[in-house]
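Listed after this line are the structures, all set down as structure tokens.
In what comes next, subunit A is part of two complexes: it sits with subunit B in the first one and with subunit C in the second one.
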Partner chain A sequence: MFSFASLFSLSSLGLTGTNLSLLYISIILGVIAIVLFYFYFRVIPAKEYLHEQAEAAGYDRPNEYVREKLADKPRELSWRIFLYDDSKSIGLRYLFTSILFLFIAGSFGVLMRVSLTEPNPTIIGPAQYNVLMTEHATLMIYMFALGAALGLGLYLLPSHLKLKKDTMGVYTSMAYWIWLAGGIFILISRAALRWYFYPPLSLELTQSGGGEFAWLAVLGLELIFIGLMIVSVAIIKVIAFDRSPDIKLNQMSLFTWSILFTVIMAISSAPPLMVGLGMMFYDYFNPIFFITGTNTLLFTILFWFWGHPIVYMAIIPYFGLIYEILPRFTGNKVYSYNSGVWGLGLLLILSELVWGHHLLNSGLGIAWITFFTTMSFLVVIPSAITVFNFIGTLWTAKSIRMTVPMLFVINGIIDFIIGGITGVMQSFAPFNEQVHGTYWVTGHFHFIFIGITMGISFAAFYMLFPTFTGGRKYNVSLARWHFALTAFGSYLMAFSWSVGGFLGMPRAVAGYFGFFQGYQDASIIGGVIIGIGQIIFLYNIAVSWLKAPSTSPDNAFEEDNTGGGRAPSLSGGK
Partner chain B sequence: MNDRTRKELIWMVGVLAILIGAAIGNVMYISTHNQNLAQNVNSNPSYPSNATIIKVDATQWSWAFVYSNGSETVNVLNVTVNKPVVLVVTSLKGAQSFAVIHDLSIPKLDVQVYAIPGQNNSLSFTPTVVGSYYFECVEYCGLDHYEMRGILNVVA
Partner chain C sequence: MEGNKGGVVFVVIVLIMVAIGFSLMLNPPTVKSFSLPAVPSKGVKHYENITIYADALGWDYGHGTLNPTISIANNTVVNFTVIEEDGQPHTLTVNPGSAESSYQDTLLSTSQITTIPGHVSTTQAYFNTIGVFTYWCTVHPETMVGLIYVNATVNTTVPSAHYANYSNKTLALSENNLSANGVLYPTIALPTSTLLNLTIKDASSSNYTLKISSGSKVDTSNYTTVINETNRSATGSIPFNQTGQYVYWNSNNTSRFGIIYIYSALVNTSLYADVNGWNFTKSSGVNPTITISAGTLINFTLINEDNLTHVLEINSGNKENSNTSAAVASVNSTTNKSQGYYLFMSTGNYTYWDLYHPSTAVGIVEVTNSSSSSASVSYIIGSESDSGNYISLLGIQTRDELYP
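After this line comes the complex of A and B, so read on.
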């Protein structure tokens, strides 16, 4: 302990007094957590619990029991998901944790909006604002968007692939806990770094720099990456090797493809940033990598090599879900299965080649600007294929049932078209010079994230609600209100941001020039409306859960998977 | 070729035509206006010979402009109309603070350049209308990032 303390006080961390005792407390808590983890994984192993369940049901092997008694059955939410180590239970863990973080980060977002009522900070000071901004962005991306995608993937893949065995459970379970620990680290770090974590700011461990505990956020992010790598490998293994031999590659559902592309993307683009974060953590003790000289830009390059693919990872799985949801309410097949797969696959490849457009004005050279702006135009091609496929499916439908999930899907497609156009406009180098770093960008990706990532998650949640709750129905008119408020609020917010950003309203600021107040006020109203919509959602879920089961708990995404034949997406709804 | 594939192809050709047209326009702009884009000084970008060179030092949290005659203004930039200006931008350490990444943006004049510690970035622009324009830091740089802004005066 002694040497550790002297190591810290020698370093640029400058920990003294309260902070030092906090450090000791966190070390003690960490040790307790490790012991608890040991008990969780070894002394009360989930495997054993499953084994007992299997024996009680008359099965010798837990795998067989999972396959025959659990795999095809609707799985509802219960505390047992923390003891079962099968794909579906871990999927539920990811999904409900991500919803929890959606509400934490979302409330931070609403707080940020409300604090901008006046041009100068009033309710919330700039220090708190910067923390809220960092947590909102980081938690939304890593805990909500990624978590919900992985959760739905793990929950739906076993039946989409007709898994014969489910063997990566322990690893995936461990990945979940590591990912969760990372999220909690970021939450308690109170870092003020934005989600970029750019050094040297992230190395400035003061209240006015990156936050006193910014290093905790760096650790947390590294943990999230470790968890993500483990679960990505497990998912690739499940898709590649555990798939039923009945399902050929060209018969896999489009959702399975989208999850496969997502995890390939994660594995291929995260390692540079994982190394970068390790180097940054070393810099806290001995600043040699990013604090001086030309290396400052190096981290930004490593970051965006990951930072651009991650935003595609937050939408590709949801495109896959749209392909699953559309046939169920239009009664026809997806317009073209092949171009669906090719669209998502091209998106994977091209989106890994555009990341430099986040650094166009940082002096990396004319060749850099030319290459990355040109690639940014080309990345629209797969998006255009995908959108055409959605619209083609809707266009050729004989009738469309406007259920709540369908409302979210159609709104998501419209949002994606608007957000896509405002996005590709930034590929023009002169236009980028004007709007880079302004609310134009914020408007662009909030159109897409609220419409696609959040909206499609809600669509999937509503479709799966009877399954999660063992056959309970949600209140449709409250759900419609939830949809209407979310959609209207997000349009108002993102549209006023886009207009303000076009005029040069800078983003990531706790205060602004007085002449931008109109745009800020409009977006505050939009943000508050979105918040009210989510309160209605929570109320609806709580009230509906207390009612008696009144419908079949069958999984709406699985009903077509038992009949065999082509991919589930193509067999249409009922 | 069935009807569906044909419709998809027509759509793709249309999208590609627009995208390729836009990309070519963009490349033409870059090749003719590269003095207006941020470049590292070490790459020897060429600028008009009659340009006023102004050194821009970003610190947490203000912009200092050093003119060729040695005078300095903070958060106010004064330039002459119709005379090309070259900004040489870098980030400096303050008394108590780090040199961190900033980003100078003058939206109405289409000027944007990152201030990177240990690196000089430059670009040129020519103001053509007399008046006042706002500029701001658009790369988050710590506590008072939002106050790192000011006014550009274009005088006759």
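After this line comes the complex of A and C, so read on.
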């Protein structure tokens, strides 16, 4: 066989047998993918498919054609749906893929919970636990949180911006496939790197290291970044240049603002880690950067410069969605549009300056610790602006319709307040010294991720369900059960973690000391309750979709479907 | 309008993907199991006691050779004793192959090797597969990694038909030294294809291990254990199939060792040391050229002619080189006769010379290719008419007669 091995000295990588053939397969598949992309964009005229159909039916604008002609018709089931390059199709692809990964990664989370019924690892071993934890964290944040945010953004932005022409669909469609390939790489790599990918762990292709295929996870993450960069640039271009002249900047919906801040954050903070991952992949062949390098904190800094913004990127778009959902069910406008924009914008700026609080115990020095601690406290200001804006909107409402999306929103606000306060507490350096590496941290971010990221995704999904399904209603009582179990389970789980973690329960290990049995048991019950809630959600989708359409398929996030002459979104400025 | 199965399809896809994800995660590539065979209750021929210190900077860090190579016979039960050094968690993990692999067997886990410095943990491992194994610590795979050679060469019983020659030796152990008939570390010379049966008589009560490595000095990282003794007397057999130089030593005293020469031919020759040149007054002519085949061991007998000090040095190459030369024998005013061996392993020219009179006493040993078997050895020293006078040929020995 033609020897790539001699070319790249793969033997030094420890790649032999299966691993080596897997690398060959990866290279061959990569070449095939490049050829397919070429055909996709140059040979197959699918990118004009919808436009052609619309023109054939006598429509100038594909969106109008879709709304009027295809709204109550089932789309033909064709492989071409994977090649549609209109923003809404791509958004749906992102959204449903992210929900798929939510269930994959969520099932790993429930499995981890169940495995901790006894202090010593009995059901699954530490090696499997490490893999489950890594996959749960990495897939949740990159495939679910990021995917759902981008999906909802791509789905809602064209109507919020009254796009005349969607010119970036080709690139976002390609970005979707790159992003998906990255997620699949990470899934099949079964790496045990945590989501940090710290060297030297990630460079040790052994059981106790990052796992034999850890390099595949590094490749996968780099692919996700490439996809993210493409879609971010496309979204900025759409918002900045392609929006209708009717929509002034100060009329853009708050959701559009949140997506804009998110993609700006992605572009401004991801490149260091993209370079870092490239250096790390080079280290597999010739370890010159992170093993033999003198600065042991180099990779952690490259990582957290991205690592903190990414967790805000899993929050800010959902704040935007809350701003869209609240007016729908309270009947009044957002309390303060300007403070909403400024709150989200300040979150963008400050979140880029607080990454060091993940390294408070790593010896950055007192000056940097003071800086990062101060910045972390300052983040409270825009967070509070946003939360008080939510509360103000609710406070001034004449009546609040407690629909399922509204329940998720209110629960999300409460969870964010709890998780936010526990988060600010641990940015205090002496306190961090105690709770660093304990379940306190896990409890903090699960309050926020389940309450905001997951809960608001479900709220948006429920609101859009009639649109997705052509006018079908979801079963409200099942959806309420879904909400109740998710909210109660997540509260029980995260609260038990916070208390146990405060007492010193170490996180991210396959076992625990018997002293913590009670906190672990409570969180297991909470985790299983969440899992049962999601099964109800799946059942609800399947059953409700089987029913006949009984409501309007209009997009609940678009205002101009119901009333004329106003901003095309619920939260737009005056 | 009819119902739509889109939701069902999506739910089915979700369930399939969750199932695939579960099966993938619960069978990560990292948990393929390998395990060494169970220690048999009887029939084990070899036992080896190995004590290693667990330190994050490397096995045995600060205790001799770092990450020592362990060489054992096939079908050996190794009694590992691991002593915690640095208060960090360690494992003793073994896998086949010359590098760490997840296809491994962790003999001692982090909970067994506790983090209490000085804590001693023991385990047994049975090796019944010839080949190379890696022993390492999964917590510190970069630093704590060494090799285990399981050798086929040292075997329990060797069919006698396989060996042309046998040699039985008896060595006495005293004060952690080895001796025979009062001679410390006697040199042993044996023809190739010899099975050496070594018997150790232990006068003391000390435990010891007799080890052999190839080369000209003690190599504690790559050796074969012949005898591992905890009783007063033990016997071990070792086959020598290849020409070369080996050393044997007592594991309790690695600073002293004896030499084993394995030769294809043996030549006894006498050299007369004179300030004017080797064999200056003899009929062979001064500084005679000695012609032999590769693999020949020459037993030099050095005889002093002028009561000055002479040292016979030999090095490869056409001229004397004190950097590479080895002292074979020496005489002076009080010692008029001495004896020493030199094994000529490779073809080409060697130079034999006198350390004190290098300008006059210097000659060449021509080593030709041993194309035929070891039985045919050509030697020409001086003129043939004088053969037998001062150069005695003992011929090829099929049985060892040099050493009682």
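Please note the rule applied: the second predicted complex is superposed on the first by the 494 of 574 C-alpha atoms of A that agree within 3 Å, B and C clash if a C-alpha of one lies under 4 Å from a C-alpha of the other, contacts with A are read in each partner's own complex, and residues count from 1 in each chain.
Just so we're on the same page, a residue touches a chain if its C-beta (ideal position, glycine included) is under 8 Å from a C-beta of that chain, and two chains touch if they have at least 3 such contacts.
Computed from a predicted model, the values in this text were never measured in an experiment.
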Subunit A as common anchor, with subunit B and subunit C clashing or fitting: clash
Contacts of A:Ala127 with subunit B and subunit C, given as first, second, both or neither: both
Subunit B versus subunit C as contact partner of A:Glu212, first or second or both or neither: second
Contacts of A:Val170 with subunit B and subunit C, given as first, second, both or neither: neither
Touched partner set for A:Thr469, first subunit B, second subunit C, both or neither: second
Which of subunit B and subunit C A:Glu204 touches, first, second, both or neither: both
Partner chain(s) touched by A:Gly392 [first = subunit B, second = subunit C, both, neither]: first
Subunit B versus subunit C as contact partner of A:Ala522, first or second or both or neither: neither
Partner chain in contact with A:Leu478 - subunit B first, subunit C second, else both or neither: neither
Contacts of A:Ile301 with subunit B and subunit C, given as first, second, both or neither: neither
Chain touching more of subunit A, residue-wise (subunit B, subunit C): B
Region of subunit C that runs into subunit B when the structures are aligned on their shared chain, from 109-117, 163-171, 289-297 or 307-315: 109-117
Subunit B and subunit C footprints on subunit A, overlapping residues: 127, 192, 200, 204, 207-209, 291
Touch list for subunit C against partner subunit A, complex: 1-8, 10-11, 13-15, 17-18, 21-22, 24-26, 28-31, 91, 99-102, 104, 138-139, 141-142
Residues of subunit A touching subunit B in the complex: 121, 126-127, 130, 133, 192-194, 196, 198, 200-201, 203-204, 207-210, 291-294, 296-297, 300, 335-336, 339, 359-366, 369-370, 373-374, 377-378, 380-381, 384-385, 388, 392, 424, 427-430, 432-438, 503-504, 506-513
Residue ranges of subunit B in contact with subunit A within the complex: 4-5, 7-8, 11-12, 15-16, 19-20, 22-23, 25-27, 29-31, 33-34, 36-40, 43, 60, 97-101, 103, 105, 107-108, 110-114, 116-119, 121-122, 134, 136-147, 149
Residues of subunit A that touch subunit C when the two form their complex: 14, 72, 74, 96, 99-100, 103-104, 107-108, 111, 124-125, 127-128, 131-132, 135, 187-188, 190, 192, 200, 204, 206-209, 211-213, 291, 469-470, 472, 538-539, 541-549
